[in-house]
Amino acid sequence: MAAVIDLSSVGLVDHHAHGIFGQPPRTLDEFRGLFSESPDPRQWPHVASGVTYRRAIKVLAETLGCDPDEQAVYERRLATDQDEYASSFLRSTGTELLLVDDGYPPPGTGPDWRRMGELAGCESRPIMRIERVAEDALDGTFAEFRERVREEVASARRRGFVGLKSIAAYRTGLDIAQPDPVGAEDAFRAAASAKRLEAKPLLELALWDALEANEPDPLPVQFHAGFGDSDLFLPRVQPGYLKPLIERFEDTPFVLLHCYPYVREAGWLAHVYGRVFFDLSLTIPHVSRPAAAVREALELAPFSKLLYASDAARTPELYFLAASWWREALATVLPELLGDDAEEAGRAILRENARQLYRLGG
Amino acid sequence: MAAVIDLSSVGLVDHHAHGIFGQPPRTLDEFRGLFSESPDPRQWPHVASGVTYRRAIKVLAETLGCDPDEQAVYERRLATDQDEYASSFLRSTGTELLLVDDGYPPPGTGPDWRRMGELAGCESRPIMRIERVAEDALDGTFAEFRERVREEVASARRRGFVGLKSIAAYRTGLDIAQPDPVGAEDAFRAAASAKRLEAKPLLELALWDALEANEPDPLPVQFHAGFGDSDLFLPRVQPGYLKPLIERFEDTPFVLLHCYPYVREAGWLAHVYGRVFFDLSLTIPHVSRPAAAVREALELAPFSKLLYASDAARTPELYFLAASWWREALATVLPELLGDDAEEAGRAILRENARQLYRLGG
Amino acid sequence: MAAVIDLSSVGLVDHHAHGIFGQPPRTLDEFRGLFSESPDPRQWPHVASGVTYRRAIKVLAETLGCDPDEQAVYERRLATDQDEYASSFLRSTGTELLLVDDGYPPPGTGPDWRRMGELAGCESRPIMRIERVAEDALDGTFAEFRERVREEVASARRRGFVGLKSIAAYRTGLDIAQPDPVGAEDAFRAAASAKRLEAKPLLELALWDALEANEPDPLPVQFHAGFGDSDLFLPRVQPGYLKPLIERFEDTPFVLLHCYPYVREAGWLAHVYGRVFFDLSLTIPHVSRPAAAVREALELAPFSKLLYASDAARTPELYFLAASWWREALATVLPELLGDDAEEAGRAILRENARQLYRLGG
C-alpha cells in the first residue's frame, strides 16, 4: 500500500548544526559519552547498553569497514587523522548547506561556520546565538549592554547571519516573562563579573531586546524546546510556554528545536501559528525510534512546517547518523501517511522548507 | 487474529457538536483554513500540506464524485446550495442524536440546536454553555449576575438541556482556584462593559456557582482539555488540573473534551474517578493518526468511559470526516485490543455510553 | 528479522512490591475494584469494560482452569484458601527475590516482607518507607522527630534494608522545595495530632533529613512518578520535577516508579543522570499496551537503567499478571530494538540491574 520512496539524493539543508570540537576521546568511556547528552562520567558505561548506541556502532562499523563492535570503531577513530575522519563523515551526509550556531563551541575553541563548510564540502552560514552576543556585551555599563545587544541583532542580516537562536530553555526555561528592566539591572553586576547570564530577568530582558531589534525584517529565531543535556528543567521547556512570545512577536518566525518528548505540543503550535516551525534535531539521532517521532510530529503539523536538522556537535559521527536516520524515518513514515505525496513531503522537510524560511535561495 | 468488525450501521450519538455558521469561503485559502484550528490566514496555505487535509480531500472528492484535488472539492462546494451541501454531509454520518453547544456559534449567528437536528435529519438537544449564560447576565448588578447564573443552571434540566459545558480551558486554563468573591466582584465592572468574561476570579466564581447550582440532580459538565485553537495556553489545559474540581463535585459527571495530546492523562482520570468520562472530539478529525489516539485512550480507561463526538463547527465536511474516521479507527483498534468484545465496545463508544450518561433513553 | 527470545526461565527480582492484605472481596464489584487504582466504588462496574481487565480474566481463567468469565474466576477465588491462592499465584511468577515496601500495607495489617517471601517461596528484603518512619516518629518533640528520622535512615542498611522509598508524589508532589525548618515546625503539632504527614514543609524536611542521613553510603531511593491512585495531582508528579533533588544528592541512586504517562521524561532522566534508574511497575500490569510502554522507555534510556517491578499489592493475581506481561512485552520489544542483544537486555531488566543496584549479590 505505502509506496517506497528514495530520498537519498536530496541535498540536505541542516538548519541547526554546531562546530565539532574538543580533543579526541581518551578512553572508550569518553567515546561512549559522545553519543549521549550526559556530562556525567558515571553514565558513560551505561551508554554501552543504549539501543541507539548499539545500532550506531553497527552502522558506523559498516561505513568504516571494521568489525561491528565498539572497540573496533573506537580504535579506527583514534587511528585516523581527526580532520579527515570528520570530513569523511560530514561529506557522507549529502548536506548542501549548513547553518551553524556561533555560540557553541565557544568562539575560538572549535571550527567556526566557515571551517565547518570546508570540512563538509558545502556552503555554510552562521546563526547568531543571542546569549553569546549578550555575554560578549557584559564588559560595559548596563545601558551599553542593552544597546550592544540591540545593535548586533539589528545588523545581523546585513552581516550575513541567516537566523537567531536562544538557549533560554537551557538557562531559565521557556516561561519567559515580560521584561523587568529594574530586576535585570540589579542582576547585571553579578553577571558581568561571572561573564555569564543566568539571572532570569537579565536573560529575559536581553532576549526581549533582541526580539524587538529583530522585528523590522525578522530573521527566524530558534528556541530549544524539550530534552537536551542535564542543564534543562524539563517541566519548564514545554514548547507551549512560548505562546506569549509567539503572540507578541507575531511576524517573527519561531523555530522550535529538539521538541522530544513534547513533539505533539510542538506540532500543535505549528498547526495554529502561521510563523511557527519545528524540527526533530537531537531527537534524531538520539532516540531509538526516529519513525515514531516523525509520526507524532505530523499528526497535526503540515509537512511545510517541519525541518531537517542534526544539532550535531562535538563528534562527527552524529552528523552522519542524524542524516541517515532522518532519511530512513522519512522514507518509512511519509508513504504511510501521504501515499504518492511522500516524495514531495520528503524534499520539503529535508531541504526546501529551510531554504524558504531562512531565504537561502535554491 | 483480530476480528474485523462493522460499525457502519451503529447510529451515532454526537454529544459535542456545534451549529454550522459563517459565510462560504471566499478563497481557496479560506476553505483550507476551515480544516484547521488556526485563525491565522498565514497558516492557511500551510494547511494544504497537512496530512489530514490531503486525506480529507481524497475522501471528500470520492463522496462528492469530483476530481481528487482541493480545487475541485472547493468548486463543488461553492456550486452547491449551502443548506443542501450541509445537510448531505450531516445525513451521511448516520447520526441519530446531536447534542449542540448553545454558545458557539453565538446565538443568532448560526443554526441553533433545533435547526441542526433538521439539517441532520435526526433528534437534537441543547447543551448549556456556562460562560454564555454568565456573559448574558453581565447587564445587572454583581449579585444579580450570580443569581442569574445559578437560576439558569438550576433550571437547565427542566428546560430541556441535557448537559452543561465550560470553556475555562480557552480562557484562563484548568487550574481553577477556589472561588474568590471579592476578586470576582472587583473584576465584574470591567467584564460588564466588555461584555466578556476574562478575569480569572470572575470566571471561576461563575463556574463554581454553576457547579453548585447543578449539584442536586447534576447534569454532566463538559470541559475542554488539551488542544484547540490558539486561545489555549497548553501548559494549563492538562486534564489533571481538574482534580480539585472533580473531587469537590464528586457526584457531578465530568466529560473531558478533545484531550490531545494529553489523552493518556485523561484516560487515567477516567480510570480512577467514577464520574469522569472523556472523548477524542476534535482530535478526530484533526490528527492524522486517529487509531493511535484511540489506542492511548484505552490504555487505562474502560471503554464505558469513552464517548464519540465530533466537535465539528463552521463547516459541514468535518461532521462527516469525524464520523468516518472515528468508525474507521474503532474498527481497526478495538479488535486488536478486545478480540470478540470489539463490537460491544464499538457500540458503547459510538452510542450507548452517551445515551446513558446524558439520560437520553434508547 | 526480530529474533524470538525466551525469558521465561529468568528468575525475577521484583524491586518494588507490597504485602497482600485486606479481606477477600465480598462482591463481584469489589473483586473488579482490585484490578484498578480506583478507590471509588462507582468506578468498579466500569472496570468490567476495561481492556486490561478483560484480558486478565482470560489469562486467569486459563491458569485456574475455569470458564473464561469474571464470575467463574471470582467464584474460584472465593472457593480457594486465601493463602494457598496467593501462594500459587506468587510462585507462578518465577520470582527469586522480592523487595517489599514496609509502609504499605501498614505494619500489622498484612503480611510483612518475611511472610511475603514465604508465600512466594523466595528470598525477600525490606524497603524502608521514609514517610512511614516519619509518621512513627510524631509522638515526641520536633527535634526528636528529626533525630529519629535521621537515625532510622542512617542505620537502615545495617539493619537489613536494601533501599528507601518516598511517597512524596502521593502527598504533595515532586516539586520538592529546599527544606524550611520553621514552616515544618509550625506544621508539626497538627501532624502529630493527626498522626499523618501532609503539610508540604514538614514532608519536605523529613525527606531532606532522610536523604542527608542516607548520604554516606547511600541506599537507592525510590520515588513514585506519574500515575497511581486518585491521591495524585498529576501535573506535579512529572519526573522532571526531581532535578534539584537528583543534583543535590548526586551520589544517591534515584529509582523512579510507575512513570506512566511520563515514561519518556523518565527515560531522559535515566539518559542524562548516572544515578537515575526507573521502572514501569504498576504501568505493567495496568495499561493495556505494555509493549508500547517498554518501547517508549527505551527510546533514550539504556537498558541497564530499566528495572522490572510489579508494584503489586492487595490481590495476588497482580503479581502474576505483572510478571507475565512484563516478560511478554520484553520478548516482543527487545528483539525489535536490539536484535541479537535482546536476551542480554531481557536478563538485565528482569534481574541483573536490580541485583547490582541494590547490591543483592547473585
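Going by the order they are written in, the chains are A, B and C; count residues from 1 in each one.
We adopt the following convention: contacts are C-beta pairs under 8 Å (C-beta built on N, C-alpha and C of every residue); 3 or more make two chains touch, one makes a residue touch a chain.
On a predicted model such as this, the values are computed, not experimentally measured, just so you know.
Colleague: Assign the assembly's chain-to-chain touch graph to one of these shapes: line, ring, star, complete, other.
Modeller: complete
Colleague: I need the rotation angle between the copies chain A and chain B from a CA superposition, between 0 and 180°, in steps of 5.
Modeller: The best-fit rotation has an angle of 120 degrees.
Colleague: Tell me whether chain A and chain C, two copies of the same sequence, contact each other through the same residue numbers or different ones, using over half shared as the line for same.
Modeller: different
Colleague: How many angstrom between the C-alpha centroids of chain C and chain A?
Modeller: Computed value for the inter-centroid distance: 37 Å.
Colleague: Considering chain A alone, which of its residues make contact with at least two other chains?
Modeller: none
Colleague: Could you list, by residue number, the parts of chain B that touch chain A in their complex?
Modeller: Residues in contact with chain A: 36-43, 45-54, 227, 229-230, 233-235, 260-261, 286-289, 292.
Colleague: In the complex, go through chain C and note every residue touching chain A.
Modeller: 238-241, 243, 247, 264-265, 268-269, 271-275, 295, 298-305, 337-338, 341, 345, 348
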